[in-house]
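Listed below are the structures to be examined.
Below, chain A partners chain B and then partners chain C, in two separate complexes.
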Partner chain A sequence: MDLNEEQAGGVTVLQVMGRIDSTTAPVLGERLTAMVGAAGARVVVDFSQLDYISSAGFRILLLAAKRADQTTSKLVLCGVSGKVRQLFDLGGFLDLFTIAHTREEGIAAAG
Partner chain B sequence: MRRPANIVYGLEDSPPPHVTVFNGVQYVGLIAINLVYPLLVFRAAETPAQLVGSLLAIGMLVLGLATFLQVCRLGPVGSGYMCPATFTATYLGPSLLAVQVGGLPLLFGMTLFAGLLEVVLAPLLNRLRPIFPPEVSGLVIFVIGLSGGIAGLRAMLGEKAAPVSTEEWWIAGVTLATMVALNVWGKGMARMLCALIGLAIGYIAAGIAGLLGVGNIRTIAEAPWIGLPAFGHLSWSFDISMVVPFAIAAVAAAMKAVGTIAVCQRMNDADWVRPDMRSITRGVLADGASTVVAGVAGALGTNTSTPAVGLAAATGVASRKVAYAVGAIFLLLGLFPKLTALLAVMPRPVVVASLLFAVTFIMINGLQVMSSRMLDARRTLVVGLAIVAGTAVEVFPTLSATAPEAARPLIGSSLVFSTVIALLLNFLFRIGVKQTATFKVDGAPVQAEKLEQFMETNGAAWGARRDVIDRAKFNLAQSLEVIVDSCEPQGPVEVAASFDEFNLDLRVSYVGPPIELPERRPSNEEIMESEDGQCKLAGFMLRRHADRVAATHRAGRSTILFHFDH
Partner chain C sequence: MSQTETAIRNCREEFPRVVDAVDRFAAEHRLSQGVVGDMQVALDEILTNIVDYGYTDHADHEIRIRLRVIDNVLEAAIEDDGFPFNPLESHAPDVSAQLSERRAGGLGIHFVKNLMTEIIYDRVGNRNLLVLRKNLTT
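Right after this comes the complex of A and B.
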């Protein structure tokens, strides 16, 4: 898994590439928790280059969303399509997160 | 059966009369362009224009009856779906061959044979899937398009064709350009009826250029407004050398009917998962019976109309009542000799342009079917060499003359030759393909790339569907992740993947406690609280992703079976 962080008008965009499994999920979890840990943070996670996400990855996303609620931060996911979207649907996660179609829409939704 | 959101009038609904009639006319307009196939065959048989008019009228009556056969459920016949009938390029090549060898009687006799064969094949189709995998049936569709297009061009550019005038080039260009422009840039009705509008423009252009001819105009003028077509010319014959081309066409027609009816099922049911073979078998029986009727009455073989079903999906009007309207309109049109006389004198460039437009979509449809499966080197060679073989027959028509006497019927037609080559290679290349592949995983971390490669390589060797392999890849990766991380397996985890055309089974076994595969999703709190919740989520997703799961635990060894329908 590779992570790439960018700033776009006060919104932090984290692009996740490759696979989120039990080996890589803790790395993502640490990064995400730190990002949404600051009060009022605005974070977009871009999954357009993601190939695979397992239950370990979904757990990390749930924990990050919970942390964002506690700190009144905003967490938006984008680029959830194809196989990855099917997995979100399979696990019943599509309605649990704010999911934007594109990165631009994600930034607008977070901002 | 739950109605999808985009369907305005479902299968059992009764749309208002004006909606029913308007949609019926729209489908007839869409299908009417395919009258170009019988027209081309009757022209090749040098049939007089008056008789061509009568034959086209019979053709319309046959389409009307065929549409009723498909939508009505009479005994074991008829899918019951809004799936109108049409003439098809599938029978074009064999029909052209038949009229060359034995004129119209042989055409009608062999069409009757093809229809009977399709009727016999209908209940066996599902079992024939390994013999005709999608890359072979896609190839058949592609070559049907290719040979149809070349047959059209031969009518203008062939050795026996009359020289093409400048006006004819212009008319062909204007006709084709109209169809293409409306299809690419048109909207609504203009787009849906692009072929019919192009046809009308072609006629007008031919009329202005004086290509309709005084004789042809007289034929139209003398034809009565209302009347029954003549059946006096009908006779039938049979030729053993035509069996293979018509048999291949019958199988291709049956496969297309399977695909079209599966689209109907999916279109009408939001919860559709996989084809229901009962209504498909009934639909293929109706399709075969329609071709029997065509052979008896004196028409070309018919087939389910895929574009018409596509139009139903686009408009959201899938009511059975609309199919009754389509059938009734075709029956009525068959009783208007003036209309069929007008079609019978269709100028050569208009025929060719319409054909080129139609076969383009057929060829692409074939390519899509071929690429719906994962293709390794063996399957790539099956498809590639078979296309070269078919093209060689078209480019070198004298090829069959140089072949041994017994092989000539197989090499005389591009469709037959390429199909035979594909079937032979398909059988040959089965040598050495293991239907069960095994793999061992030793300890953490799980090498995701190796798992991916294992499923990709074997999936391509088996010619499996991409979506099924993707599902299996997830289940393999997710289950191994849970086993290695949470079950502390003693020794390696063994993976076996088995495939036949209908099933993909994954067997994962290890020494250690079993993983839980709950039917209920754990709550978000459970998932967040502990790794146990995360494992339950994994088990829930694994269960949902496979079509069937089974888990056993005996003598310390746990085994999970994931079954995927294929």
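Right after this comes the complex of A and C.
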């Protein structure tokens, strides 16, 4: 898993590339929880270059979403397609997170 | 080579060795990215379960993972000497709960059941033997 962070008009975009599994999920969790831990943070997580995500990754996303609620931060996901979308669907997560189609739409939704 | 076997100790730090073994095996057999992804997720879930819940004695244990392709099926056989655990008997998680009530427990086995074509569990002596099968044509 590789992470790439960019700023776009007050919104932080975190691109996650490769695989989220029980080995890599803690690294993502640390970064994401810190990002949404600041009050009123606006974060987009781009999964368009992600191969797959296991339950360890969803556990991290659930924690980040709950943390974002506490800090009135906005957490938007984008690029959820193919295999990754299938896993979101299996876990019933498509309605649980704010999911935008493209990165641009994600930035608009978070901003 | 039509079969490969990897043995790891019961700790998460060993998991990347299994991921690499699956990648190598997949490359040798030209398996599709979709099939490989499904098997990687399933193995991550099963191995996590074994390491987290299979033992209480804090001792080292060996977990063996054998991969093979047979009759157009990718098969992973996982053998461990942890507590008896039949994933087929585990209950599905509530995947409709709202964020505040949502728990990730049970999700991993739910994924395994839905991603694999067939799952076979056997308890042989003091060992769990779990076979995961994924059709290569789906």
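By definition in this document, the second predicted complex is superposed on the first by the 111 of 111 C-alpha atoms of A that agree within 3 Å, B and C clash if a C-alpha of one lies under 4 Å from a C-alpha of the other, contacts with A are read in each partner's own complex, and residues count from 1 in each chain.
As a convention for this text, a contact is a pair of C-beta atoms (placed from the backbone, for glycine too) under 8 Å apart; a residue touches a chain by one contact, two chains touch by 3 or more.
Source: prediction; values computed, not measured.
Visitor: Quick check on the superposed pair: does A:S54 touch chain B, chain C, both, or neither? Answer first, second, both or neither.
Guide: both
Visitor: Counting only touches as set out at the top, which of chain B and chain C does A:K83 meet: first, second, both, neither?
Guide: both
Visitor: Touch test for A:V45: chain B only (first), chain C only (second), both, or neither?
Guide: In the superposed model, A:V45 contacts neither chain B nor chain C.
Visitor: Could you say whether A:D21 touches chain B, chain C, both of them, or neither, answering first, second, both or neither?
Guide: In the superposition, A:D21 contacts both chain B and chain C.
Visitor: For A:D69, decide between first (touching chain B), second (touching chain C), both and neither.
Guide: second
Visitor: Could you tell me if A:G91 is touching chain B, chain C, both of them or neither one (first, second, both, neither)?
Guide: A:G91 sits against chain B and chain C alike.
Visitor: Would you tell me the residues on chain A in contact with chain B in one complex that are also in contact with chain C in the other?
Guide: Common interface on chain A, chain B vs chain C: 19, 21-23, 52, 54-56, 58-59, 62, 66, 83, 87, 90-92, 96.
Visitor: Would you pull the chain C residues touching chain A in the complex into a rising list?
Guide: 12, 15-16, 19, 33-34, 37-38, 40-41, 44-45, 47-48, 95-96, 98-100, 102, 104, 107-108, 110-111, 114-115
Visitor: Quick check on the complex: what are the chain A residues that touch chain C?
Guide: Interface residues on the chain A side: 19, 21-23, 51-56, 58-59, 62, 65-66, 69, 83, 87, 90-93, 96.
Visitor: Spell out the part of chain B that touches chain A in their complex, as residue ranges.
Guide: These residues of chain B touch chain A: 445-446, 448, 470, 474, 477-478, 481-482, 485, 521, 524, 527-528, 533-535, 537-538, 540-541, 544-545.
Visitor: For the complex, which residues does chain A have touching chain B?
Guide: Chain A residues touching chain B: 19, 21-23, 52, 54-56, 58-59, 62-63, 66, 83, 87, 90-92, 96.
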